[in-house]
Each structure stands twice: as C-alpha cells, then as structure tokens.
Amino acid sequence: MARRYDSRTTTFSPEGRLFQVEYALESVNHAGTCIGLHTENGILLASEKKIMSKLLEQSSTPEKLWKIDQHIVAAIAGLNADAMILINFARVIAGRYRARYGTLIPVENLVQELSDHKQGYTQFGGLRPYGVAFLFAGCDGRNGFQLYHSEPSGNYSAWKAAAIGASHQAARSMLKTDFTEGLSIDEAKSVACKVLQKTMDCVNLTSDKVEMFYLTRNKDTGEVFTQTLSL
Amino acid sequence: MARRYDSRTTTFSPEGRLFQVEYALESVNHAGTCIGLHTENGILLASEKKIMSKLLEQSSTPEKLWKIDQHIVAAIAGLNADAMILINFARVIAGRYRARYGTLIPVENLVQELSDHKQGYTQFGGLRPYGVAFLFAGCDGRNGFQLYHSEPSGNYSAWKAAAIGASHQAARSMLKTDFTEGLSIDEAKSVACKVLQKTMDCVNLTSDKVEMFYLTRNKDTGEVFTQTLSL
Amino acid sequence: MARRYDSRTTTFSPEGRLFQVEYALESVNHAGTCIGLHTENGILLASEKKIMSKLLEQSSTPEKLWKIDQHIVAAIAGLNADAMILINFARVIAGRYRARYGTLIPVENLVQELSDHKQGYTQFGGLRPYGVAFLFAGCDGRNGFQLYHSEPSGNYSAWKAAAIGASHQAARSMLKTDFTEGLSIDEAKSVACKVLQKTMDCVNLTSDKVEMFYLTRNKDTGEVFTQTLSL
Amino acid sequence: MARRYDSRTTTFSPEGRLFQVEYALESVNHAGTCIGLHTENGILLASEKKIMSKLLEQSSTPEKLWKIDQHIVAAIAGLNADAMILINFARVIAGRYRARYGTLIPVENLVQELSDHKQGYTQFGGLRPYGVAFLFAGCDGRNGFQLYHSEPSGNYSAWKAAAIGASHQAARSMLKTDFTEGLSIDEAKSVACKVLQKTMDCVNLTSDKVEMFYLTRNKDTGEVFTQTLSL
Amino acid sequence: MARRYDSRTTTFSPEGRLFQVEYALESVNHAGTCIGLHTENGILLASEKKIMSKLLEQSSTPEKLWKIDQHIVAAIAGLNADAMILINFARVIAGRYRARYGTLIPVENLVQELSDHKQGYTQFGGLRPYGVAFLFAGCDGRNGFQLYHSEPSGNYSAWKAAAIGASHQAARSMLKTDFTEGLSIDEAKSVACKVLQKTMDCVNLTSDKVEMFYLTRNKDTGEVFTQTLSL
Amino acid sequence: MARRYDSRTTTFSPEGRLFQVEYALESVNHAGTCIGLHTENGILLASEKKIMSKLLEQSSTPEKLWKIDQHIVAAIAGLNADAMILINFARVIAGRYRARYGTLIPVENLVQELSDHKQGYTQFGGLRPYGVAFLFAGCDGRNGFQLYHSEPSGNYSAWKAAAIGASHQAARSMLKTDFTEGLSIDEAKSVACKVLQKTMDCVNLTSDKVEMFYLTRNKDTGEVFTQTLSL
Amino acid sequence: MARRYDSRTTTFSPEGRLFQVEYALESVNHAGTCIGLHTENGILLASEKKIMSKLLEQSSTPEKLWKIDQHIVAAIAGLNADAMILINFARVIAGRYRARYGTLIPVENLVQELSDHKQGYTQFGGLRPYGVAFLFAGCDGRNGFQLYHSEPSGNYSAWKAAAIGASHQAARSMLKTDFTEGLSIDEAKSVACKVLQKTMDCVNLTSDKVEMFYLTRNKDTGEVFTQTLSL
C-alpha cells in the first residue's frame, strides 16, 4: 500500500507522510555515527571513520568533519557527494555574509538558510531530497556555543548533546545517561569515546578509527578557533 | 478506487475532492495541538511541545510559536521545514509592506497573501501542498485583535477561539464549552491549560511541555507587543 | 472505461468529454447554495452559510459574497482558496481597466476575461481546473443590471435568476416557478429565502445562516452601490 | 488495442490515426447543429439553440453566432469556453491586420491562421486539441462571399453549403437535396429552417430555438454588413 | 512486444526501429495518391481528389497541390493541417532566401531545410512526427528540373518519377513500366492518368477527380512558371 | 527483465548497460555497409548503395558519402535524416573554425566535437540517441591521414581500416586478412570491392551498387582533395 | 521489490539506496582495470587496453589515460563518451583557473569541482549519472603528489594506491600486499605489471596490452611533467 506513495517527493501518503524523505533518512542511518557535545568552554564533535584501508591517504582531507567558517564546523552522516554540495553551499552563505556585513554569520542564520534549501528538495518534482544529516557546532556573540542537528527533511533543532548516523539511537540513549552540562574537554572526550566504542562495537578504539574536532574560544582574546584532537 | 486520483495535486477525484490536499492535512493532524483564544485585551496562543529530551537546548528558538512582525505571531502544526519556509515568506511580506507604506501590514492582508501562495501548491503539477497549518494572532488599526486559521488548502477563516493539530477536534469541543468572550488573560491561560491537559492526556501539565505567547496592547501607548508566558 | 481518460485535463474521452472538468464541477456541487435574482431596480445575491460555529468570528470577512469593484459583486460556490485567487484576479482586471480608461469595466468584459483564464486550466498539462463557480452581479451603462453564471469549464451565460452549489437543481426548479421579472427587493428577498429554506432543509431560516448582498442604483444620482441585507 | 494510443496528441496509432483529435471531434458532435448556405447575395448562418430556460437572459450575448470583424461572422459547435478563446484569437488577428495594412483581412488568411494555431494543439505534448468546430462566413474583394468549415484538427475547406454539430450528417444529406446555387435570402431561410426542424426533431420551429445571421452586401455602396434574422 | 516501444518518438525498439515514425507514414498511406514525372521540358504533378461533394466550393484553394515559390510546387499526402504548417514553413524559407540573396532558393536547399525541421519531430520528446509526405517539383540554375520525395522521417531523395499516398506501391510499379525519360507533356499526362485511373480504381477518370500542375520553362525567356492542367 | 530499463536514455540497466544506445546501434546495423581503408597516399571510402530503382535520379546528391570540408569526408550508416542533421552540424563546426582561425580544422577536433554532441543525446531525458554511425576520413598537418569511426554512443576511435553497417562483422574479418599498410589506390579499390561483394552477397558488383570517394593529396602542392571513383 | 525504485535518479529505495547510481557503477566495472601508485618521486598510472585489433591505429590518441593539465593526468574506466565530456570539463576548469589566477589549479580543487558536477546528475530528474570513474594523479605546491579516486556518485577520496574497473577488487587486494610507500619507479612498474597480469588473466603481458603514464618532477627545476612508459 505504502508503495503507491513512496517514489516521489511531490506525493503525500494518505497518512500525511513523505516516504522519499524517510528513505533519504535511511541513507543517513547507514553512515558512520557522529556525536556532538557541549563542553565547559566549547563543543566537541567526534565521528566514526568508516573507510579504513592501509592504502588510504591518511593525511588527506577529512572524512566526516568539515570547517565551514572560522566559527562553525560540521559533522556529516550520509551520502558524501551530497554533503560536499551542501558544505560548499554553506561556505558560500558564510562568505557572502562576511563580505556583506563585515562580520561572521550568526550560526542559526546559516543553519536555517541551509535547511530552507534542503526543504525545497522535498517539495518540488524532478528532484530527490539530500541524503545527508549534519551536526553544526558554532559560536557567535548572540547565543554563544550552539550545536544544531539538521535533517534531510530540512528540520533542524538545537541540542546540548546529539548523535546522527548508524547507531544514533543507542548513542542518544548513552548520552542521556552520561552527558551532563559543564563537562571539561577531557571528560567530554571520554564520554564521546565511550559512546563511539559502544556504537562501533569494537574492543579497542584506536586513533585511526575516530576523528575529533574541538571548537573552543581563546580565554583571553575571546577568539573562536577549532582544533583537531587525537584520542 | 480513490487511489487513482490521490497522487497528484492536479487531479480531481470523481467526487470533486483533492486527495493530496487532504493527505497534507493528515500531516498536520499528527502534530502537537495548538490553540488560540481572544482575551479581553489580546490573544493567547498556546501549544503542546512534542519533542522532549533532556538533551534538547531549552533556551533555543521556539518550537511552535513564531513572531512574524511586531504585531503578528503564528503557531504552527505540521511539517516544521515547510513551516519555516512559510514563516520566512510571511516575514518578507510584512517587511516589504512596512518598507513600501511605512506602516505595519494589516493582519488579513498578510494571511491572504500567504494563503494564496499555499493555494498555488494545490493546483500546479510537480509540487506538493505545504504540510502545515497556522494560527495567526495579530492586531491592526482596522480590525483590532484577530485570530486566523490557515489550512494547507489555502483556506483561511477568522475565529474567536481555534485549535489545530493532533487533537483539534477534542480541543474545539472543549473550547465551545469553556470559551466565552472577554476573558481575562488569567482565565484564558486557565482555559488553554485545561484544553491542552486533556488533549495531551497528561496528569500534570508542566512548564516544559507547553509554550505560550500573549499578544496584547499597552493600555497607555496603544502599542502592540508579545510576551512569552509560563504556566 | 471512463477511468482511462479522467485524470488529466489534456485528455478527451472517446465521447469527447473532459472528465477533470466534470469532476471540478462536482467540487462546486458540494458547496453551499447561492442564488441570484434580478429585481425591479437591481440584483439580489443570497447564499447559504456552511460553516457555523459559535467560535467563528461573526464580524469577519464574508464567506460567500465578495465585492469585485464598485459595480460588481460575486457569489462563490466551491473551493474557497481557488475562489480567492480568482477574486483577486478579477479585482486586478477591474482595477487595471479603471486605471487605463478612467471608467468602470463593463461587466461582461470582466466575466469573459476571467472565464478565458479559467479555460486555460482545462487545456494545458500540469494544471487542474479551478474548482469554483461564480454568480456575478453587475451594472454598467451599456447593459444595465446583469447576472452571470461562470463555470469551472470557462463557460458563462447571462440569467434573469440563477443558482449554483449543492442544491442548484432544486433551486432552479423553484425559481422557474416563483421568479417573475420586476420583483421589488422585498419580494425578491422573500423568494430567495423560500428557495434557500427548501434547499437547506431547515425549518427556521435564521439570519446567521444566510448572507445577502443587494446591488442597486441610487435613483437620483444613478450611482451603483451594494448593501448587505439581513433577513 | 486502440486504447494504447488514444490518450495523447503526441501519439500516432499503428494505423496512423490521432485518436485525441477524433475524440475532440466527438465533443463537436454533441453540440447544437449549425448550418451555412450561400445565397444570391450573401451567406446565411443558422443554428439550433440548445440551452433554453425561461430564466435565461434573452437579450444577452449570442450563443452560437459571433461576429469576428465587419465582414466575417462565425458559427460555433463544441465546447463554448474553447470557442471563446479562439474567437478572441480571431478578432486579434483581424484587428492586427487592419491596423497593419489599413484594410480588412482576406477571409481565408484569417481562417488559415486560426487553423494553424489549432494544428499546434494536435502535435505538441501537454495540450489537448480545441474541442470546437467553426463555420466562417465572410466576404472580401478577392474571392467575394466565402463559407469555410474549420475542424479541431486544423483542417479547413470551402463549401457552398455546410453543416456542423450533432446532426451534421443528416443536415448535409438534406442540403445536398435542397440546396441550389443562387437562392434568394427567403428561399435560403426556408431551406435552413427545414433542415434544422428535421435535425432538431421538433414539430414547430419557434423563434427562440433558432439563431440566424445574414452576411450580405449593400447593393449600392458594396459595403458588407451582417443582420440578425428572425424566423 | 512492439507495443512497448511504439508510443514515443524518443524510444528505439530493440531492432532499432522508430515506430512512431512508421505510424506517421501510415497516415500518409491513407491519403489520396499523388504522382510526379519528369517530362521533356518540366515536371508534371498529378493527384487524386479525395473529398468530393456537390456542396464543395470548386473554385476554392487547391486540395493537394500547392505553390511554394515561383519555381517550386509541392504535392501533399497525409494530414492536411500538418501539411499547411509545413507549406507555410517552406514559403518562409523561400521568401527569406529571396530577401537575403536577391535570387530564388535552390530547390534542394529548401527541401533539406524542411526535412531537417521534420527530423527534429522524430527525436525530441513531447512531439509527434508530421503525418505528411511531399513531392517537390522545382527548377533552378544549378540542377535544372528536380523532383524530390520528402518523408515524415525527414528523409528525402531525388526521383525521375515518384508516387506517394494510398496506392503508392501500385503506382510505382506502373511507373517503372510506363515511364521513360524525355516524355512530352501530353505523353506524361497520359501516363499520369493511366496510373491514377488504376490506383483510384475508377472506370472514367473525370476532371473533378484529379488535380494537375505543370512546372515548365518558357523556351524563350527561360523563366520558370506553373500552370494548372485539365484532363 | 531487460525491458524495464530499455525505454529511456536516462536509465541504466542493473548491469550498467544503456539499452536505448544499443538499440540505436541496431538501426545502424540495418544500413548498407561502408568501409574505409588507409592507402599509400590517402584514404578510400566505399559504400553499398541500398536504394536502387530505375526511377531514382542518378545524378542526384550522394546517398552515403558526404563532404564535410575540403579535407574531411564522411560515410554514413543508419537513419538518413539523423545523418543529415549531424553532417550539417559538422559543416558548421568546420566552417566556424575556418572563420575563426583562418585554417582548416584538425580532423580529430571535429570528430570529438561531433561525438560530444552525440553523447548528450544518450544522457538527457526527452531525447533519443542519433541512429547513425560515421566513418570520417580526413587529413591535417598534425596527424596526416586519419580514419575515425564515430558511434551513436558518442564513442570514437582511429583505425587503419574500418567497416560500419549491416555486415560490419564480416567486413572487419575480411579486412583483417586482406588489409595491409601502404596499399596503392588500385589495390585498395580491389580490397574494398572484394569486401563489399561478399557482404552484399552479389555475384557481379556493378558501378551503380557502389559509391567510392578517395581522399588524397596532390604530390606537388600538398593540397588535400577528394575524388569520386568508379569501379 | 528493488525494481520499483531503480529507474530514476530522483528516487531513494526504502533502504536509502540510489540504484541508478549503483547501476552506473556497474558500467564502470565492465571496463578495463586501471591502477595508480605513489612512487618515491611521483605517481604511476597503468591501465589495461581493452580494444585490440591489428586494424586499430596505434599512434592514435590514448584509450584510457588523458592529460588534463601540465600537472594532472587521469585514468578512466567506464563509458568512453561520458569520460570525454568530463575530461573536457576538467580541462576547462583547469584552464579557467590558470587564466584567472596565473597559476596551476590545486589538484583537489579540480577533483572536487568535477565531483560536484557529477553529483548533480544523481539528484535531478531527466538525467542519468555519468557511467565513468577516474583516477586523478596530480601534484601541486600545497599537497605534493596526490592520487584521487572519483566515482559516478560524485564521491572522491585520496589513496596511496588505488584500482578501478573490471577487476578492481582483486587489484586492491594485491596492492594491499605488494604496495609499500617510497617505491622506485621501476619497483612501481613491476608491481603494476604484476597486478594487471593477474587481473587480465594473461600469461605474457605485452606492451600493446598496457598503457602507462608517469607523473613526476624534475629534481632540479621542480617542474612537474608526465611521460609515457613502456613495459
């Protein structure tokens, strides 16, 4: 029955569902898990590395974590090629804002403009939704550190701690238990590793299986910057 | 039989129904309940919060209630991403009016322009209707306080008290009984809470499960403003 | 068999019928009944109010009767959102004519331009016909008072007395019996009420169940104007 | 078998037929009969009136016979709304010619331009053919009085006497018997009435069931003009 | 099996056939036969008249034979409305050439430009091929008298004697036997009549059943001109 | 099974095949055989003539061999109307190059631009691939004499000796045996005739069944030119 | 079941897969194997030649290895005509960068722009994905020698050693065993030949079955250049 309504973004099912959007979410749920956590003085993004081969170039561009602007980083789960399009799109939004107003774009502005773009792909014919979800970590003068989850549907919401990808359900459950506000960066890393170790179902979490980004603020100058963390 | 006519907005059924529009309404009927009531000196909007998690950022942007302009607020039920597109659209309409005429847009003007936009998505191919309903509360010099209900079909109508979302039927029944004109804001809050408590089927209605906006007028200056209310 | 030809406006059936246009007419036939009658010195439009609730804003905009210009009013039956689009369209036509020629648009000009617009939606792909019928009452220097019936197909015709909507068949039969030319406004009201009472199948026709517009001419100045009538 | 090829104008059947064009012709064959005859000094167009009601405005615009320009009139059979579009189209062609060359358009020029427009609707996707046939009666300096039959397919041809609509077969048979060249207008009226009486299958042909137009030429000035005839 | 590939011009069958183009050819094969023959000093085109009625205007425009320019005439077989579009198209090509270069268009140039236009209708979606074939008779300084056959597919080729339409197979067989080069015009007429009499299967070929055009050259001035021939 | 994927150019089959492109190749395989051979001092193109009739104009334009520019000739196999479009396209490319750079276009440039154009018709919706293959023989200063084979898919490759059309398999086998580099033109003609005689399965290869073009270079001036050869 | 979702790029399957993209990958997996390896001082690309015939022009353009710019070469596997389009596209990107910035394009910039272009063909209707994969070998001042693998989906990644085409699985396994960093060019050639010999399943790997390109840097001037290698 559902089959009659599940091949186009322009068709609601009788229960008011958009199956193509739900299927796009499935493509997110096959991707490596990414988690994000607020810390005392920043936000930690950590993600499982899925492609592992000794032939892979280690020093190459990141797999899951991407810098959008000086004050915003993103973790992706889903179709990589789709993600790259949206990351370029986000960079253009951020750059245009900078050029026009001479200041960094407020984080939610960027997240919303990207989400509105995604929504269009769920309502117009001859398109499919983007098969990718994001965690955006950012910081601006208005709202301080912020962590957003942006879905293929174009929905987004702000979280203290969030997870996307293959084992996001399990990860969220663990975060509910283990996450508390005001974690130090070391405590946050320890929570993130515990969660990923469980969701990846591996005994030893080694450095080549995980990517970590830390978005924080220089305590003196107040400048926001990111750093890559190792285990 | 109905199935032959229910996959496109450009197809009437033999009884003259537009099934895709009815299905879009279903997506509204899965959303949290929102209610609006005229009070003695303003309009109260109250809505059930559906996503609840201790990991959610409490201080973040509203879930269901959005400000369009100084004198108009909206409550939404349905697909969030669709709602955001229309809220931006409404803000642009309001802002353009302000810029052109140097005064606030009359409430019904805005509601109608938005509804006309929605109608287009029920008549042209390669599109689906917007899966979202609105309650608009506003105030202008011409008609004073006004409460509109705008549907996915593009229909809209003015109400003294209205409800949209999952339990809108039950809510409307209760409002018929409990609503009277000229309620004080405290009486209105009490009616709203009673209705939501019933439709949400929860024993204790706590502050984190409900959002409330109050659109009122400064008695001295006559200026319209909104305030967030807690239980 | 009919089913092969009934899902698109661009397909004739083997008997030369356009089913989508016929189905659009069905959506008109679910709407409240509207009737129009020539009187001695004007035209009376009366319509059944379908949505009745004590929560509805009584003083709000009309449900079925709309003013197009100083000398033209319309009664609608069918999808409200579709009707609003066409009413705006008609107002633009009337306004443009006024601006261009400095005089009021002849009634039939407006009716025909609107009907031509409707026809397009019955011949081109990726569209559906407008699901709405109109009674236009107007008055101009050329033809005096005129009453037109405009259908979803784009057909229109001039009548002395006409009915559209749910019980239009019954209403027309009664009008054939009860209508005579040169009725006074009070006689016309009485005929209209008798017809609506029958088609609405209610014992007491109360003022909140009926809307009435009267388009007439000031006997001295000759100026055309409309007034809302109560029972 | 035919069914595979009969839903689009862009599909030939294996026998090289265009079913949608044939179906459009069916919609012509449900319409009232129109006939046209050359007379001694002009052309007579006569048509059956289909919609008859005492509520209908008698003095209103014609049902079947339309003036295109000073020297060209048309009788229509088929979908009225489609006909109105093409009549406006023809008037624009005629007006443009007048404006450009300062003289009346030759009749066949107009008929051909209209027919070419119709042809397009039988060859391009996302359209349906026009469901209307025409008899054009006209007079110009080059060819004198001319009577053309224009079909939904875009074909046209010149006749001494022709019939379109519901009983066109029977009417043509009678015309073959009864028509002779050089009829006086009274003889022509008598032939037309005889044919219509038979095709309409009514005992007494009364004036309200028939429309008649006579296109003739002032014997002195040579000016072409049309007059409405009664029985 | 063939059925899967025969409804669109954009689909090859597994054997590399374009069925829609073949079906278009069928619509040519229902039309009256036309034949063309080179003569000693020109080209003769002759065609069967299909529509015969005493009500038809005899003096009216030709049915099958059309003049494109001073030096090119065409005989058509197939859908008349399609043919008219292409004949206008050809006249525009010829006129544009004349205007640009001040000389008559070489015959093959015109035939090829028309054929290229036809080809497009066999390769792009949302269209059907033109259902008409042509014989073009022309004369220019480069190649003298030329007779081309242009098909719905866009193919064309030059012939000494050719036939299109309903009985083109039989006609070609007879021409192979009866045609020789260097016929006088009277001999050519006699051959043409013999062929048409056979293909039309009629005992007496009368003048109203056949149209004939003769394209020849003034022996003194060398000017090309056409004349209508009678039996 | 294959049938699900074989009606559109925009659909890969599960094995990664493009059936419409393969079907287009079938339309090439029904055409007359063409062969091309490098000789000592040029390239010989020879092709089977398929349409033979004593009524055909012998002196008319070539059937299979076409000159693109002074230094490039092409042999075609497949749908003639498609070929004509591409030959015109190639001539425009060559002419534009000449006009822009004042020198003849390098052969491979032309072949590649044409092939890129063909590729588009295998990837975009609403189109079908071109049903024609080419052998291009050309000569330029960079690479001397070159013989390219261009397929409906847009693939092309350079050959010493090549064959396309109905019996291309058999022809290629024979060429593998009989072709050697550095053939004199007479030897090349003899090889070509032997191959065509076999593939056409005729006892006596007469001059009217074969077309031959020889692209060679004047030994003194180095100028490239083409000549038509007879058996 | 899968069949419902595998004919369009705009449709996700219920598991979130894009079948058309996977099928496009199949067309890559039928192509000859290409491998790329980092060496001590450059990158080696080697590929199997699939089309082998003594009639093929040996000195002609490469089959599998193409130069994009002075510092970037590509190996292709899949549909050749698709590859040519993308290679031209890449050359334009590289040339435009050079013209704009006066310096060579960074390798990853080019790979990403090309990949973004590919992604579009997996998300928009009326298109099919490109049926081709690439290995890009390049060198720039920022990241030195780089080897990228770009897929039909638009995904790309950097490798130390990579394989695409028919036997890419087997080839990758062998590379995991045999590849080590810092190979001399002779060792790299020996590894490449061993792998290709295995995947091509031939006893003697002769020079005409393999193409090899070596991208390296002049030790003195630091200039990057490519050379064709033989076995």
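When the chains are written out, they are named A, B, C, D, E, F and G in that same order, and each has its own residue count from 1.
Basically, contacts are C-beta pairs under 8 Å (C-beta built on N, C-alpha and C of every residue); 3 or more make two chains touch, one makes a residue touch a chain.
In UniProt terms the chains read A, B, C, D, E, F, G = Proteasome subunit alpha type.
Everything quoted here is computed from the prediction, not taken from an experiment.
Counting the residue numbers that touch the partner chain, chain E (Proteasome subunit alpha type) and chain F (Proteasome subunit alpha type) have less than half of them in common.
Separating the centre of chain D (Proteasome subunit alpha type) from that of chain F (Proteasome subunit alpha type), both taken as means of CA atoms, is a distance of 55 Å. Between the Cα centres of chain B (Proteasome subunit alpha type) and chain F (Proteasome subunit alpha type) there is a gap of 68 Å.
Contact of a single residue of chain G (Proteasome subunit alpha type) with at least two other chains is seen at positions 8-9, 125-126. Viewed as a network of touching protein chains, the structure reduces to one closed ring of chains, two contacts apiece. Contact residues of chain E (Proteasome subunit alpha type) toward chain D (Proteasome subunit alpha type) in the complex are 3, 6-9, 19-20, 23-30, 51, 53-57, 60-61, 79-82, 84-85, 88, 121, 125-131. On chain F (Proteasome subunit alpha type), the positions that touch chain G (Proteasome subunit alpha type) within their shared complex are 4-5, 8-18, 108, 112, 115-116, 118-120, 122-126, 146-147, 153-155, 157-162, 172, 175-176, 179.
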